[in-house]
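Across the two complexes that follow, chain A remains constant while its partner is chain B and subsequently chain C.
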Partner chain A sequence: MSVSVHGFFGGMPLADHKAMAMQRPTQSIPVPEALYLPLKGHRHQPLDLHQITDHLAVSVGQQLAAGQTLTRGMGDAHPRLHAPVAGTFLGIVSRPALKDMGHDVPCLHIQTDRTQAPKKLPDDYPPNTPLPEITPDELMDHLQRMGIVGLGGAQFPTSEKMRQASGGIDTVILNGVECEPYIACDEALMRHRPGTIVLGGRLLAKALGAKRLIVAVEDPLKDSHGSVSDGFLACIQPHPLDPALDIEFIEVPSIYPQGAERQLIKTLTNQEVPFDGLPKDIGVICLNVATAASVADAVIENTPLTHRLVSITGPGIQNPCNVYAPIGTPVTDLIHQAGGFNCPESEIDLIIGGPVSGHTVSDQRSPIDKGSLCILALTRADRPNSVGSMPCINCGFCVSVCPAQLLPQTLFKLASQGAHEKAHQMGMMDCIECGLCAEVCPSHLPLLDWYRHSKDQLRALDMDQRRQALAKERFEARNRRLEQRQAEREARRQARRARLEANSSAQSEIEAAIARARQKKEGES
Partner chain B sequence: MIPSVLILTLLTVSVVALILWVSRRWGANDDSVVEQIDALLPQTQCAQCGYPGCRPYAEAIASGEADINQCPPGGQAGVDALADLLGKESKPLNEEHGSHKPPVVALIDEDRCIGCTLCIQACPVDAILGAQKMMHTVLASECTGCELCIAPCPVDCIDLVPAQRPMIHPKPMSIDIRVQA
Partner chain C sequence: MIGQRATLPHRPARRNVSQVMGQVLIALLPAIAVHAWLFGWGIFIQLALAIGFALSFEAVMLQLRQRPVGVYLKDLSAVVAAVLFALSIPPLAPWWVSGVGMFFAIIIAKQLYGGIGHNLFNPAMVGFAAVIIAFPLALTQWVIPRTLAQTVPDWNTTWVAILQGPQALGGTMDAISQATPLDQLRTGRLDGQTLSEIGIDPMFGLFGASGWEWLALAYLIGGLYLIGQRIITWHVPLAVLLGTIVITLPGWLMDPDLFRSPLQQLAAGSLVMCAFFIATDPVSGSSTPKGKIIFSIGVVVLTLVIRAWGGFPDGVAFAVLLMNMFVPLIDRYTVPRIFGHPKHKRDETRSVR
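Let's look at the complex of A and B:
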């Protein structure tokens, strides 16, 4: 099938190092001693303990079965969590956060039962598995109960994404493009379970009423086992079960950041998502392939999202591989599974995510969450940018690669001067944090860190402004209420006074009562 | 000569009249200045400035009664913003009204609360819930940290705790290379 593939602005091909993690078969990790399930769906909404304890579905000391629901009804920003393995719930503890260096995150602490066998990556479904009968609303409620979130990193609840998009969706894109070097967890999944991915995509497409399902992968995904497309084409060619659905498999050129949602949509449909809109505005919904697979598992096998594939890779790792690990596994257990480091730990830069847009892991006790794709160990030699930075020379390399079509050097100058609001006017919030600008910067400026700092400042500012508006509203409402109450009281007082003055019978009654009292007094004396 | 003088006088008078009418109709009035000042104030409603809330303070600034440096929660940045808006010279924050502190919220020690409702009456933004002889609690998301509930409490069961702030990605450390000449 020939498909026309378009391009997006900017971007740059990067050397991929996927083969490193793909050289070994996908492994299951032995059940870790303890799991810490991070209780933070979204990093900009801090949780307080009251909120968490109100929504716990288990009590401290309770025995847990594998797959048991741990939290419920925390709202959409905090999707449900389930016990990945059998064990005992020990309460809520603080663990170092994986991405926010120096911050802690509240976690559900589970002491695991170590006699159980680790869960293996489930087998693939045969290509012609019939779709179960399920209405769109049932599917969304079910996905919410099963804790399904976007597994590409953002962890946005899939049910919520579908609800926002329902009606008006024409194309469902399954994103199998992991354009960042080293990350290979989606490739491993696509080689093992193409049927599951397509089945999940068909379920989503049917529920959303889409007519087109696109599975997008990178073109150079070929190794000695053959292209990843062979597995998909077997699932795609015969689809007599959904004659109305047009399933396409498209290989896109490997130009970083091709896997970013907006860039992929531009490449596949030649339509741009509005900067202040969402893909649904142009009739497209884009989901990671791993999300589609977990949707299929949730519907057919009724399994909640408790495990994910993580790449443990990089030149600093002894045996790089993809690991099927329970959510909440500490990073140190994952590294141990991959044979540990092959050089002194002081030489290692440990990163969560890819080398270009990842975050530094400052503490190996941090547990992984549903959006952890890759634990990458780079040696100092691989990180030229850590040597120090020189002043910006206005070379403009960053402008030519920025896929969001921003002016990175201007944004850098504003952000580093603390002029975050001016940076906002220059489109700071449209930065997709791909990190290419910092990658090409000849002065090795830590541009991405500046943008993350500035974006967080802007979000905090926005929150403050909302709080201020709320306080003002409540203050004014209270003043109105007090004034009204005062006026009512005044009116009542006036009315009473008027009644007393006007009503002569009341006056005479009072006088009569006084006279009676006087008579009585005189009689006594 | 007379007609030209007449025409010029007529023109001047009509233009002046037009300008006056336009400025009355669309120009800045007292209310809009108060609005703009109020928008810059932190809306803590803490009354540290000496006025019973942000709006009254804004009105006092607009009428020239109060100075612009009386708002401790707004801090020096707030004073600068007000100076910028009003076209005045900025000045340091007046420490007589209090010093700038990081944001806090009130927290009621629920074991010690006797349910007297005094704090509820003091709260300027209705952020305390409770009833007579019932335990009270603070809605942390609505509390402005104004401290007005602290003084009325007869059993001192209200503490101020740091407000929960969103996480901020740290500023990159600059490891600049200096080229030796």
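Let's look at the complex of A and C:
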């Protein structure tokens, strides 16, 4: 069976700048002095401190071995963390959050043992590597124990994603499409470890009962080293473990945001994931190639997820490259590894993620997490001329590029007026935050910032409503309980009264008792 | 400390508002050139007057509204409105026509509604509607195009007519000017003539309006350039042009004596200009693709109705202004289907996830 490539509405080709980070070999970073592992589940699920301390698997001052479990038992929503390297656990400290400018995030502080050698990007597995027999449930439990999460940025626990999807999955898509300019960490991985990625995909496909495995990459990923397809094509021959699995390697057009899950699925299957559903609703599950590789590592080598590839790139970086770094490494160490900035820091715009949808990094002490793909340094020359923004002229450029088929200019007007509920009706929550609208806006409006703000407001509003609903439910339950108790009391009173009335006269009963007592007394004396 | 900028995007947008408006001005150059060839120097003086008035009014209003004058003058939106207005009025119209037109376009229609991006009505058309009501006579005295007169008014005549008014020229004005084809058609019909009787006049040329067809062609070329530059989408122009043809074709086929040909409808008035430059005004037009088509069809229908039964020879300005009023309603009922949503809207409870 062959997959034909369709397309999605909107989108725009962007200059990729990927060669910048690819020009140097992938590097490993000397063990940083200290690591700070951010304690944050996937987006919008912050943890509170007592929740963390309840689930720490280590105590302050404890010596840690590389790969030792640090947190456990917080359920699928909060993946486990492991010590990337050997060291000492120093406790929980606050560090500036990488994405939420001005906010702090609690982190596990590890003082590292700097005598150890840095961990290198593991070699690729040969395509015929025997895969262990493992049941789907065992695999999901194992992935949860190994702290495997989606490495494309969302950090959703892979085990949870699989549990949600189990049954009815026909196709597993491995997403190797890095749509944003500059980001090249997945490309580096695909060049070095195609066999590992395909093995991970096989394990996932087998556990989910899928019949097809699709590896999707962008079509122009060709350079002097050849296309990434060469590596993949060499390792997609049938495997004894799953001879029936249909593996395909697809090159999709490089149109931003091709790498967004729903857009990629539309391109490959010509089906739209329902707005209120998940890819599993149309029989598809989509995982990042790096996630698949970490699944293979977890199963074959029993390695927890402790390191990831990060692109340190941009025109402001001296030696742009991809770095294999421990989770929790501060941004400043990564930049140091890439030779530092090539111009004064005041000229630099430091960004986590890509240039279109990334977030400004306000503090270089921020540590990276499992979803950090790229540290990008743009210089003042790349910055929009600071004319500020003009009013919206309704030109509609945003409408023609919006892959979610929204009316961005209308959403902007509603959001900036504070009419978030109305924006919600117009599909605010369907925005995938690709940032293309702001990219093409001739009025230079910070559209994505407005949408993120509006979405936060809507989530807060929703949380409020749910809290209110819960409070109402509790209040009503209490009323019911009180009424019931009242009714029971009333019933008992009624019963007693009835009993008393049934006895001929209570008074005579009492008199009789007194008489008996008197007789007894007289008898004694 | 690193430069603090939370706002996205982190890269320069490919275009800014001035560049968008600049592209529109470039697209109008062929029309200006053809206009000058057909009618002489007049258009250049009219452009200078309209742009001068527009920028002065804009500057004064921005000052009064305490907005940065330089930034908003540089966006060129006032210049675009002025150029469209200048192209719409007769080349020998006296200077106060531009003054009054730009007063209504810039001060009333644009700045009093909140400036660029906030006007409900197309400024150039508000200006044009104001002057056609205020100076009906001056607005019908068009110079005889070069295709008929073999010549155009010289610089001196043009200068005197515009600065001192048509009276200063005395009889010369009558010699060099005539009604537009559309005007001629209207008065002819009112006199009870059939279209074929009226059409004998050489002023109607091959395609329904001698000289004017070249102007329509120039607008078409400029408009296609705008589509090529992705400044405008195909929705409005196609809906206006195709709408005109589809609506007028059956009548013309049935009785060409009673109904004008689609080609004449397009060539003899400002419908082609409207298709690419007027109805495409983003601010006062519809936001949605479907809405743009409905808006355009509405403009076409109203224009044709005004041409057939109205009190003015051409109806584009009034049609556009009337349809501007319907934009909020059109936008409300033409919201496109969002990615991942069912084709037919059912009662959805939207969840926040």
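The rule we apply is simple: the second predicted complex is superposed on the first by the 473 of 525 C-alpha atoms of A that agree within 3 Å, B and C clash if a C-alpha of one lies under 4 Å from a C-alpha of the other, contacts with A are read in each partner's own complex, and residues count from 1 in each chain.
One rule holds for everything that comes next: contacts are C-beta pairs under 8 Å (C-beta built on N, C-alpha and C of every residue); 3 or more make two chains touch, one makes a residue touch a chain.
Just so it is clear, the structure is predicted and the values come from calculations on it, not from any experiment.
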item	value
Contacts of A:425 with chain B and chain C, given as first, second, both or neither	second
Partner chain in contact with A:136 - chain B first, chain C second, else both or neither	neither
Chain B versus chain C as contact partner of A:91, first or second or both or neither	neither
First, second, both or neither for A:340, with chain B first and chain C second	neither
Chain touching more of chain A, residue-wise (chain B, chain C)	C
First, second, both or neither for A:406, with chain B first and chain C second	second
Which superposed partner A:118 touches (first chain B, second chain C, both, neither)	neither
Touching partner for A:100 - first (chain B), second (chain C), both, neither	first
First, second, both or neither for A:67, with chain B first and chain C second	neither
Touching partner for A:474 - first (chain B), second (chain C), both, neither	first
Doubly contacted chain A residues - partners chain C and chain B	101, 387-388, 390-391, 446, 449, 459
Chain A - residues contacting chain C, complex	8-9, 101, 262, 266, 272-277, 345-351, 355-362, 364, 376, 378, 380, 382-385, 387-388, 390-397, 399-400, 403-407, 409-410, 424-427, 429-430, 435, 438-444, 446-449, 458-459, 461-462
In the complex with chain A, residue positions of chain C that touch it	1-17, 19-20, 71, 75, 77, 114-118, 230-231, 233, 282-283, 285, 287-289, 331, 335-342, 348, 350-353
Complex interface listing, chain B residues touching chain A	38, 42-45, 53-55, 124-127, 140-142, 144, 164-172, 174-177, 179
Touching residues (chain side chain A, partner chain B) in the complex	43-46, 48, 97, 100-103, 387-391, 446, 449-450, 452-453, 455-457, 459-460, 463, 467-472, 474-479
